[in-house]
Amino acid sequence: MDLQFSPEENAFREEVRRFVAEQLPAPIRDKVMNGVHLNRDEHVQWQRILHQRGWGGPGWPKEFGGPGWMPAEQYIFEEECAAGGAPRLISFGLKMIAPVLMAFGSPEQQQRYLPKILAAEEWWCQGYSEPGAGSDLASVKTRAVKEGDHYIVNGQKTWTTLGQYADWIFCLVRTDPEAKKQSGISFLLIDMKSPGVTVRPIITLDGAHEVNEVWLEDVRVPVENLIGEENKGWTYAKFLLGHERTNIAGIGIAKRELARLKRIAEAEGRLDDPLFAARVAQVEIDLIALEITNLRVLSAERTKKAPGPEASILKIKGTEIQQAIAELMMQAVGPYALPFRQEDVGPDYAANLATGYCNQRKLSIFGGSNEIQKNIISQMILGL
Amino acid sequence: MNFDFNEEQMALQDTVRRFIAKDYTFEKRRAIRDSVAGWSREIWQSLADLGVLALNIDEEHGGLGYGPQEAGLVMDAFGAGLLLEPYLAGAVIAPALIRRTTSAVPGDTAAHNFQEEWLPKIAAGKAIVVLAHADARGTAVTEANGKLSGRKAVVAHGGCADLLLVSARTADGGTGLFAVTPGAEGVALHDYPTLDGQRAADIIFDKAPAQRVDAGDTANATQHAIEAALDIGLAALCAEAVGIMEATIAATTDYLKTRQQFGQPIGRFQALQHRMADMLLHLEQARSMSYLAAMHCTSEDTTARQRSLSAAKVTIGQACRFIAQNAVQLHGGMGMTDELMLSHWFKRLTAIEMSFGDTDMHLQRFARLSRAA
Amino acid sequence: MDLQFSPEENAFREEVRRFVAEQLPAPIRDKVMNGVHLNRDEHVQWQRILHQRGWGGPGWPKEFGGPGWMPAEQYIFEEECAAGGAPRLISFGLKMIAPVLMAFGSPEQQQRYLPKILAAEEWWCQGYSEPGAGSDLASVKTRAVKEGDHYIVNGQKTWTTLGQYADWIFCLVRTDPEAKKQSGISFLLIDMKSPGVTVRPIITLDGAHEVNEVWLEDVRVPVENLIGEENKGWTYAKFLLGHERTNIAGIGIAKRELARLKRIAEAEGRLDDPLFAARVAQVEIDLIALEITNLRVLSAERTKKAPGPEASILKIKGTEIQQAIAELMMQAVGPYALPFRQEDVGPDYAANLATGYCNQRKLSIFGGSNEIQKNIISQMILGL
Amino acid sequence: MNFDFNEEQMALQDTVRRFIAKDYTFEKRRAIRDSVAGWSREIWQSLADLGVLALNIDEEHGGLGYGPQEAGLVMDAFGAGLLLEPYLAGAVIAPALIRRTTSAVPGDTAAHNFQEEWLPKIAAGKAIVVLAHADARGTAVTEANGKLSGRKAVVAHGGCADLLLVSARTADGGTGLFAVTPGAEGVALHDYPTLDGQRAADIIFDKAPAQRVDAGDTANATQHAIEAALDIGLAALCAEAVGIMEATIAATTDYLKTRQQFGQPIGRFQALQHRMADMLLHLEQARSMSYLAAMHCTSEDTTARQRSLSAAKVTIGQACRFIAQNAVQLHGGMGMTDELMLSHWFKRLTAIEMSFGDTDMHLQRFARLSRAA
């Protein structure tokens, strides 16, 4: 057992750190460092900078244009990007649909879609959840009926993150209504410009427009946009859910936010309050422990490939830590957290803290609620 | 020992509940929130017509002469509808303060005149008076030659005041209370929305003309009077929180009964049932403490009063946090949307926890006062 | 609404306080005040003192020799007894079997048993739980077969608190093995001196002998020892469970223990530690709130009679508070909590703190585990 | 970065695990616990034969020269069996201390002789050396003219020591380390069982003859050496806790699968499933921190070392508390009985949380060190 990174890994960390410091545009870094939402162009700009360096797909193998990194390198990369104030990678293309395309897509599909994801020429979004199917994904109701060389798709997707920016949506659709739950589902790629696709914003409690409803009315989708086999979509969906969980612990981001919390608390004199100082210490300790737990899972993955149910541990603790940090930041500024989206009231760092706290409540709900994660742990790890 | 409200009290609360249900719907509230002022004079007048603005004012000055229990019943009823109008600031704290500061010295005619001028106007809904006191950052205002200079931050409903009562450090090092007209020269007021959809203001005074209205700060009388008025406000705030939490739990229970996942209502899942039980435990403990706060907030024994109110604020603050977070969690994505009342309750409960001193502050104050006692 | 006690109630409180101060033997008070277990004789001695004053059955109506107090008076009585260091009432006779006898017993049974309970001439214990039926009481397996004017009883009871002192045991027995769960159960009174009754101690983790197994082998029980009707025992059992829950919050005891915690913490200088002081403040605040919640339930009972599901709230919070106090007391003395049952090591007050902490773990398990109480709240109050 | 143990390490742990499973059964342990001494020389000799007493002693002195990782693997394996013998005190802390204190000045022959005399004896199981240092109450021992006077309280395994190493305040105000024979005149030792079935002692020194064994306290070298040795002990204690918690969770999982209530195994109830998931989360975080503790406990950077060890102790202390309490709770009454190993794990986990500084102490130390850093 050796908890140290190797000299090569440390050198790589230095390289990434330097790259981020030199290449990340200052306005983007400032926004990220202060918890401000980025717009589409800013995300695209950073992705293209990474792509130019050959780092556009950190988790991708070399054959598809990725750097072919080991998990430890991916981890270091994400940690340094987060620490340096780089935007989170746009996961829907890079981490969700791309692995599915690589594993189950046809060579034509791979060539058509993957390069544009790397180059940020096409933005993807996810069409999994439906109004009646949040945690219970397999009860998807959106119907796709084959007519000649097209599927005609009708239904409604929801909680579609950043769908307002998307060129494409990957969808779970029901192709066999007679089959039992999981077995009649297919996996379709749909052009957002198709007639019949309507995106309606969902405004969240923090006043942000991050998620959407996507309505599909008689949308015609060419059969070549089917991934793999018809009615086998659940297999690909589960595969994707597994991959979505890489870096699920969010260590790099949590470290960056913890540093922000400590700066704010220090500025507000709150670390002189022993209770507040103890709360900050508690979350810092939890994060140290989670980082090691995360590295242990990564280390085990070298032999076992896909993240197992241990990822549920990372999801729960990771989101709890991020939520605790957001809560403490808001708490640290006291009354000045109350002004809502007012950049000209109170100290600079106060403006986003309450909305940040509100926004972070999503972390324990989305991506498989923490209750679902506990089901997974008790059933898959403990066998209950 | 009797925890029942009398018929008059029940009728009062019923009246307010009916008003909220009928005249303060989700849509109506949203329109008010999105208006320029962020509150409605028309609603304010309706509240005056219902008599609730006169509740906390003595009969001598055109009020009904009720106490903190009735104020609590009204605030509890406002809770479910998330009233945006400045009831707490204008109809609870201001009358309590005017009553206490301007009558400290018997026979003070100027003070008496101040009461006679303003209390009837408040009772009738003709004037909104708001206290601008220190926030946690302690931004100070000082008085010199009848003029105020300095800054008050995050003054709840400061923007809608017809008259501001401003606490300021006087030349002799004591605290004075001054009446300032918001439109006067030397007063710059920045009004903005807060997390909960209500309004607050940062106010800068630059040699603003002010009339002293307290009867002098002998033995810290003015400071004590301000604290006493704020404690009456805190008790009312606790009652509001209980009303919101009750509504939040009711809505979440309904949601769990109807929302289907994995072939059954999610309320059948034991882990969620137990979470709801925990939420109910918080609510009932909070309700108990809101009664305690109402009973003790007018006590003359400052230490006992502050100890009880700190205990109440800790219990209620923790309940606000737990219930708000878990109600959203149990609603899943729906809990995050601006479209459901739930997220608005969440935000108001969050704001309440941070107002009047947060949980940690009160927990430590309680520990200090308990040890001293 | 008026949260004050009436002048009459306050006068009564004074009277009880004086009585306890004057009549409670000092050795008993010292033991109670320091968390030392009492023996049988000490319990009996105090009960007889109370009985002489006419206060032997605080919850009993006048017709059966009780003082006929209202709930508020009972509450005041129990609170003052606890504050003054009096032993907890022996509930098995006074609060469990006695109400059942009053409600469902024959006049002969009432005359035979009730006076001896009041006078502490007979000690009762409870025969509810069985090895296979803890929370799930209705799955009782002990069999009673009628032969002429006797039942022949075979089976095993467990967790029988202070059964080693008992003269009588009240038992749930299955008289109709064909009937569905609840409906074949009867309620029997069994003389512990009967041949075939064996009591075996269960030693708990604190080294104490408080609970027992009771083995019943071909025990002959006269039919006149049946309560009410055969196969209707579940009705009486549920009635008893309702009554067991009076004073379930344990406010008086918790107040006494909180005062002990504060004395110990002050002696150890632990209140200068802001974290420890905050933990003590938290439990004190919780207790203030619970006392009012308890009074609200009592106040509602005046009109509704038996404690409703609200008693589950009192059980959960009451036991959590008592457990938290025990935990903090142990924590307060640090290393000196470690010596196990050593009265000659460390400060006097330290000797029982760790065993007390261990012992108090039972509170959230016995009398309907806190998990069962949460089931009751979610189903009976919230309707889930 | 590699979290796998090598084959040698795995074999070592396997050996200890097999020994515990075969030679340290529940019944055997109970008999040892109830014996007059409360521990077994025979078992101690078996541990010597297995080589584990030599683990933390350098090869030069008859040891195997392993480090904290191996000590952790052994302590982890001892955990499930709740070894009563003084491994932590006698085979982890004492060698680390002797190594550090008595070799601070190169060429100190007396010190060298002390190492040569005692380390091989410890490795062979021929001598048990125990450190008697201050407890949280800070009862002091002072040295004058080669004699010690004062009191050490709750010295873990003090009663079974062949030699005590006693920290004492010297005339110059520094800390010295002194070797004292327990049977010597002026030493009164009161040996008693502790909550976890192990032994501790209160020791009173009254002009007890003592031999100074440290090389002088220049720049607090002796104090630092003691702290360094205790930190190595704390890391080993963390590993023991992880072993116990793992066993506790496994036993509770089994119980939930077999115990039937309301017609099904209670492990089917979601609220209990989620509790188990929370326990597992605590365990995995604790395990991570026990690795961190093993890695950092020998660090020369005192601040970084103490910060890491405090973080580890907080995580592990909280896990001990949560897992112990909930394992008993989920076992119901069965969890409370002396008959099941479960209650013994509970008590040892409770004792561990209170040893080497409790959670609050370490949480605050971590906060202090983090801010300073």
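Per-chain numbering from 1; labels A, B, C and D assigned in written order.
Note that a contact is a pair of C-beta atoms (placed from the backbone, for glycine too) under 8 Å apart; a residue touches a chain by one contact, two chains touch by 3 or more.
Just so it is clear, the model here is predicted, and its values are computed rather than measured.
Placing every chain at the mean of its C-alpha atoms, the farthest one from subunit D is found to be B. Each of A-B and A-C has its own count of C-beta contacts, and the greater count is at A-B. We define each chain's centre as the mean of its Cα atoms; on that basis subunit B and subunit D are separated by 54 Å.
Chain geometry summary: the mean Cα position of subunit A and that of subunit B are 40 Å apart.
Subunit A and subunit C, compared by their mean Cα positions, are separated by 53 Å.
Taking the mean of the C-alpha atoms as each chain's centre, subunit A and subunit D sit 43 Å apart. Within subunit B, residues 269-274, 360, 363-364 each touch two or more of the remaining chains. Counting only residues that touch two or more partner chains, subunit A has 274-275, 278, 371, 374. Partner subunit B is touched in their complex by these residues of subunit A: 129, 132-136, 139, 158-159, 202-205, 207, 211, 273, 275-276, 279, 330-331, 334-342, 344-346, 354-355, 357-358, 361-362, 364-366, 369-371, 374.
Contact residues on subunit B toward subunit A in their complex (touch as defined above): 135-137, 153-154, 190, 192-197, 200, 202, 260-262, 269, 271-272, 325, 328-329, 332-333, 335-339, 343-344, 346-347, 350-351, 354-355, 358, 360, 363-364. Contacts from subunit A toward subunit C in the complex involve residues 274-275, 278. Remark: subunit C residues 1-6, 9, 72, 271, 274, 277-278, 280-282, 284-286, 288-290, 292-293, 295-296, 298-300, 310, 313, 316-317, 371, 373-375, 377-379, 381-384 touch subunit B in the complex.
Residue ranges on subunit B touching subunit C, taken from their complex, read 1-6, 9, 69, 249, 253, 256-257, 267-268, 270, 272-274, 276-278, 280-281, 284-289, 291-292, 295, 308, 311, 314-315, 360, 363-364, 366-367, 370-371.
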